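All chains are identified by letter, namely A, B, C, D, E, F and G, in their written order; residue positions are counted from 1 within each chain.
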Amino acid sequence: MARGSSAGYDRHITIFSPEGRLYQVEYAFKAIKTSGLTSVGVRGADSCVVLTQRKVPDKLYDPESVTNMYAITPNIGLVMTGIVPDARASVKKLREEAAKFKFNNGYDIPVSYLAKRAADTAQVYTQHANMRPLGIAMIIIGIDVEGEKKVPQLFRCDPAGYYVGYKATSAGAKEQEANNFLEKRFKPPAGSNVAVDPKLSHDDTVQLALACLQNVLGADLKANDIEACVVRHDNLAFTRLSADELETQLTALAERDDDIAGRD
Amino acid sequence: MARGSSAGYDRHITIFSPEGRLYQVEYAFKAIKTSGLTSVGVRGADSCVVLTQRKVPDKLYDPESVTNMYAITPNIGLVMTGIVPDARASVKKLREEAAKFKFNNGYDIPVSYLAKRAADTAQVYTQHANMRPLGIAMIIIGIDVEGEKKVPQLFRCDPAGYYVGYKATSAGAKEQEANNFLEKRFKPPAGSNVAVDPKLSHDDTVQLALACLQNVLGADLKANDIEACVVRHDNLAFTRLSADELETQLTALAERDDDIAGRD
Amino acid sequence: MARGSSAGYDRHITIFSPEGRLYQVEYAFKAIKTSGLTSVGVRGADSCVVLTQRKVPDKLYDPESVTNMYAITPNIGLVMTGIVPDARASVKKLREEAAKFKFNNGYDIPVSYLAKRAADTAQVYTQHANMRPLGIAMIIIGIDVEGEKKVPQLFRCDPAGYYVGYKATSAGAKEQEANNFLEKRFKPPAGSNVAVDPKLSHDDTVQLALACLQNVLGADLKANDIEACVVRHDNLAFTRLSADELETQLTALAERDDDIAGRD
Amino acid sequence: MARGSSAGYDRHITIFSPEGRLYQVEYAFKAIKTSGLTSVGVRGADSCVVLTQRKVPDKLYDPESVTNMYAITPNIGLVMTGIVPDARASVKKLREEAAKFKFNNGYDIPVSYLAKRAADTAQVYTQHANMRPLGIAMIIIGIDVEGEKKVPQLFRCDPAGYYVGYKATSAGAKEQEANNFLEKRFKPPAGSNVAVDPKLSHDDTVQLALACLQNVLGADLKANDIEACVVRHDNLAFTRLSADELETQLTALAERDDDIAGRD
Amino acid sequence: MARGSSAGYDRHITIFSPEGRLYQVEYAFKAIKTSGLTSVGVRGADSCVVLTQRKVPDKLYDPESVTNMYAITPNIGLVMTGIVPDARASVKKLREEAAKFKFNNGYDIPVSYLAKRAADTAQVYTQHANMRPLGIAMIIIGIDVEGEKKVPQLFRCDPAGYYVGYKATSAGAKEQEANNFLEKRFKPPAGSNVAVDPKLSHDDTVQLALACLQNVLGADLKANDIEACVVRHDNLAFTRLSADELETQLTALAERDDDIAGRD
Amino acid sequence: MARGSSAGYDRHITIFSPEGRLYQVEYAFKAIKTSGLTSVGVRGADSCVVLTQRKVPDKLYDPESVTNMYAITPNIGLVMTGIVPDARASVKKLREEAAKFKFNNGYDIPVSYLAKRAADTAQVYTQHANMRPLGIAMIIIGIDVEGEKKVPQLFRCDPAGYYVGYKATSAGAKEQEANNFLEKRFKPPAGSNVAVDPKLSHDDTVQLALACLQNVLGADLKANDIEACVVRHDNLAFTRLSADELETQLTALAERDDDIAGRD
Amino acid sequence: MARGSSAGYDRHITIFSPEGRLYQVEYAFKAIKTSGLTSVGVRGADSCVVLTQRKVPDKLYDPESVTNMYAITPNIGLVMTGIVPDARASVKKLREEAAKFKFNNGYDIPVSYLAKRAADTAQVYTQHANMRPLGIAMIIIGIDVEGEKKVPQLFRCDPAGYYVGYKATSAGAKEQEANNFLEKRFKPPAGSNVAVDPKLSHDDTVQLALACLQNVLGADLKANDIEACVVRHDNLAFTRLSADELETQLTALAERDDDIAGRD
């Protein structure tokens, strides 16, 4: 975007430019990239994983307190990419939202409803005059249980208040490259425009996310440079992978040579 | 509109320009077109259909979560074209409106009243100083039941807060072309200025909508590229057409050679 | 008005220019004309009529949902000219006003009081800082019943919050021409400055309105191009004239050759 | 006032210019003159009269609904000069004020107190940031009854919130000329600076007002071009003079040749 | 003050300029002088007087309604100099304040406390963003009774919210000259910087005030050109001097030739 | 500070400049100096004194009503330097604060807590958008009693909301010079950076304050040119020194020739 | 940051610049450095220390009232660096927060939760339009007790609303240099990117903080130039180190020659 063309429309939060654009929302998207981190989320047949870089900007941080992964309920969690304080303020709101839902309805908030509420809040900030949009992208995972059925869910919600379900997605500095990588894995077969659903196993799910991140960063990942959380059919809880588990997955990834590994 | 002529009147949401124009409202109309999608709605003798492109902007989306069709009550639904988060926020408001109406009056909200409420909300955003107009156009369908009579209804509501009933209409990127196509089908006979009401059957209704979209996009539609919902006399529910049903209608359309098919 | 002379006073809703003018109110008057429609109202001895063009901007509209005539109570109605969403929002307010009056006082709101309330609301928008004036002109008709007496009433209310009773008036694109036409019919006899009250019959009332509109549009009207509503001593209800009734009146008008017919 | 010297101080409603002026209030005074009307009020020994031009701007007006005379209570009334919608909104407030006073105190609001309340409201609009001053001047008349004593009262209240009692005053387009005319009639005798109180009879009071208006307009008045209301010791009610009564007074005025008649 | 140096700091009501000045407050002081009137207050040993010009700007005024003297309680009164509507709005507030004090405490509000409350209100207008300062100066007089002791009090309160007790003071157009005149009468004896308290008798008090005003206006005062109110030990009520009383005092003043008479 | 470098950051009350400065707060500090007065406070071993110039700007003031010394509770008082109306408004708030504390806790507000509350209020004005900072500096004294212990306290609180305890301090026009003078008296012995606490007697405390003021003003003080208040171990009440007492202290000061006397 | 590039985006508190930056937040960070002080916090195996310069800007301060160390609960404290009044206002809020938590939950607020609340408050100031961000950085220490386990905690919270746990950190003028010094002590061994946790003893913890500050200031510290507070496993209370204790630690530091002492 050339500076000249915004002509002041970008300093008034809630107004349209003559082309029908909302500049502040567009700038908020840029704020997400300034974090320098890239996050990836992949939905498998019976599990979901979210993965992000753990770049401790300061060696003095207590590594345990540096995280962009947040549980909203025991079984639903998300990775936030962008302005950290905005992320934390949103986490607080979403936890309240989830608790209120449980209290009112007697059962856990569904993942899709939580994503919807996150998006509602974000949309409001784009229409009202006295607040800026939030500078964060969220990738939310969880498994909705409806009777016998367990459905892995992966949503992405952005500063515009847009949310949508994904097979796999990414956010942050290398978002474009990561999405390109993922799309190749979910490419519809020739002659079709319906993407196959590769029905990934839990290990494949995790390794695809790792492969994606490794590929776009152009360097071998180390277990300490990343953080990953999963939800699984046999363990609905939003669970952090340990460094050992990550190491094991990275080793397995290094040994395979198929499409998931990104050797294309 | 030449830029020079707005002279700053377009940065103050609620004021008139010297020519009596409300620029922010006009820009909101442009925002609808930036979505790149075109939607069509057609009202038949005993059914209504809304049709829109399903352009999954990102192959990684979970196709099931990508839709611009929303049910407001079981029997009333709409297609939203424009800024998705604005659309969803409006859907939320309209559902509350419909529920409140049912609670207060004991019967379902009529389609026309729902359209009116949608327009009321939109108008407010054009007169008050602290919010921008909504960047969406809605095409609402449903069948009002009054005693024995069942009346198919099709309304369109825009950012200015304007709503009106239609025989057929469209919204979005190719709105102008689509309306031109539709108008020819509803053209009054020579020597009259009253459009005939062609009393379309359900199949004709759906196929006319498909023909319209196919025509303005200049390409053969595939069932997966579109989404369509219908309401019918014999099934009042706002019902999504399956890919198979769409395929069947597209095949039937391809085989006919009449006015509805757009072979003119 | 030369643009240069407004010098920024026109961008602040509620302030006076050095000449004591309120520019935003003046621009709202222009917004009325941008609708492209002309409306006419005439008060007869025992009836009133409001007439406006029915320009269906889009052939696809359901003609039945396109109207600028609104009943406020069963016996009072109006024609709105200008920004349609503003019109509808005002109708909603006026209906509430009328209902509240009935509830509080036990009898129907008089026409003049309703006109006053419409003007009150409009005035507020010209004095407060956070809203724009309404871009509409209303012509309100009804028959006030006081004991035995039945008094036809015709009021016009504008964006400035000004309202006044009329013998006949018009609003919209060709307002000036229409008023000129009407004034000639109500011209005081030579040597007097008191206009005669021609005590028009119901048919004359309707035909005068039709003649006026036909004259300023410079073309023969067709019943489908106009909509008209009347209130009469023998039927107080705000009643829409059918196409047949309009056709009959137009034919009668075409055959007469007197002052009302505008053959001057 | 030279435009250059206001230097932006006139666009902020509530601030002083460096010379201690409040420009918006000054512009509101100009708005009074843009009405093109001139009003006159005269206080006699046992009566008061208010008089104003009845310029029906549009021949189509129902003359009965065109008035700038408003009764606030049965016995107190006023003539408003300036922006009509502002006038009517003020009338509404003052009637509420008067009703509240009666309800709280059990007796009618005194004229002076009503004038004070009108001024209080106007002052508030000059000090607060979110409203413009009112563009009206009011001349209020009534007769206060205190035991045996009946005191005719005439007050004038302006956009600045200033009110004061008068022997005679005027407002509007030819205010300055009218005041000059009146002053000559109330001129103190040579060698004194205390104006004589001429103890005008009711007829003299009315004829002085008529003479004043006739003089500044430079044309013979016709009964239909003016409206006049009076309050009298023997009829406290705020009463409109009929066309016949006005004609009688105009004839009497034409026949006299004294100071009141303005033959100077 | 050079215009250039205010550089916009004077258009924001509540901000400091880089020199620590509050321009709007300074302009409010100028507004006091634009009234063209000068007021004087003098405190004697057992009485106080306030005196101001009665300049009836318009010969048509009812002289009885033109006053700048206001009683706040029966025993406390003040003279207001500046913008009249601001003055009256303040009087209203102060009367409420005094009534509330009496109601809460069971005894009359002391003069000093009333002055303090007047100043509090004025200060608030200098610190908040949404109101302008008041354009008035008040000189308040009254006699506080504490047991046996009766203490004449004279306070002056200005737009900045500053109030202080005075032996004598003035306000308005010729404030500076009047203060110079008064200071000479209260000059400390040579070699001391403590002003003597001349323990003026009631007549001396009144005549000093008259002398002061006569001196700065450079013309002999007439009883009708001034208004004066007093409070006295033997009559605590805030009492207006009649024209006769004023005439007597003016005559006495004309005959004396001492320091009070201003023959210096 | 060069004007150019503020570049508009100084007109928005609550924003940081790019250098992290809050200009409005800095300008408020300048407002303190524009008062032209200098105040001094000194804390001795068993007493505190506050001293300020009594510059009666107008010979006509009632000297008794001119003071910058205010008691907040019987035992705590302060001297205000800067904009007088701001000072008085703050005194009102602090008295309420003190009364509320006593009511809630049953014992007197400690001096340090009162200083903290004064600072809290001031800080709020620096962070919110709709008020300016206060243009005053306060020097607060009092003696806190904790069981047997009596602790003299001296605090200074400024427009930024900063408060701190002092051994001695000053405020106003000659603040810098006064602080320099005082610092020499509290200078740590050579080779130490801990200031000695000279354990001043009551007389030394008062005389040091007098010496300081005399020194920076460059002229012999007269008892009538200053006002001083003290609190002492043997009289906790905030007590004003009489002119006689001040004279005595000034004489004693003139006779001594030590460090306190400022003969350096 | 070049001035030119901010182009006005830095004067609107809550908006993003086109690069996605929030300038006011960035300026608030600069405000922290303008304090001229540097603070250090170190977390040991069983203790935490916070250390800051005690620069008494004015020799006249009562040194006891100059501190940047604040206890929030008996066992949690923090050092504030930046704008002192902002610091104190925050301390007040946090104490209320802690008290409310204790009241609601019956046990002490955990250190991490308190840090979170501090960050929440700060984030709000970055998103809302009517307040500026806080100009402070906080280093919070405390020991959380969970059953048998005692966990030393050290958090840092900044104007952006960002908070994170640290092994050691610093804030203020020489923050960058201090962090560099500390990082070397927590450097991961060659070939690892996981920092060792040196499990510092209490004495080592204090001496490392002292060494850091001494190093970046380039001068030997004196006990009176610094203030330090500690929490320890065997004394959970937030305790200030006495001058003697500090002296002892400084002496011990001077005698060691290892990595902690900074002889590198």
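The rule is short, and it goes like this: a contact is a pair of C-beta atoms (placed from the backbone, for glycine too) under 8 Å apart; a residue touches a chain by one contact, two chains touch by 3 or more.
The shown structure was predicted, so the numbers you read here are calculated from the model rather than taken from an experiment.
Any chain that touches chain B and also touches chain F would be listed here, but there is none.
Different-residue interface: chain A and chain B share under half of the residue numbers found at their contact.
In terms of their C-alpha centroids, the spacing between chain B and chain D amounts to 57 Å.
In whole angstrom, the spacing between the mean C-alpha positions of chain D and chain G is 72. Centre to centre, using the average C-alpha position, chain A and chain G are separated by 32 Å. Those residues of chain G in touch with two or more other chains are numbered 129-130.
Arrangement of the chains shown, judged by which pairs touch: one closed cycle in which each chain has exactly two touching partners. One ring covers every chain here, and the order obtained by setting off from chain C toward chain D is C, D, E, F, G, A, B.
Residues 1, 3, 6, 10-11, 13, 23-24, 27-34, 58-66, 83-86, 88-89, 92, 125, 129-135, 222, 224-225 of chain F touch chain E in their complex. Against chain G, in their complex, chain F makes its touches with residues 8-9, 12, 14-22, 43, 112, 116, 119-120, 122-124, 126-130, 154-155, 160-162, 164-169, 179, 182-183, 186-188, 193-195.
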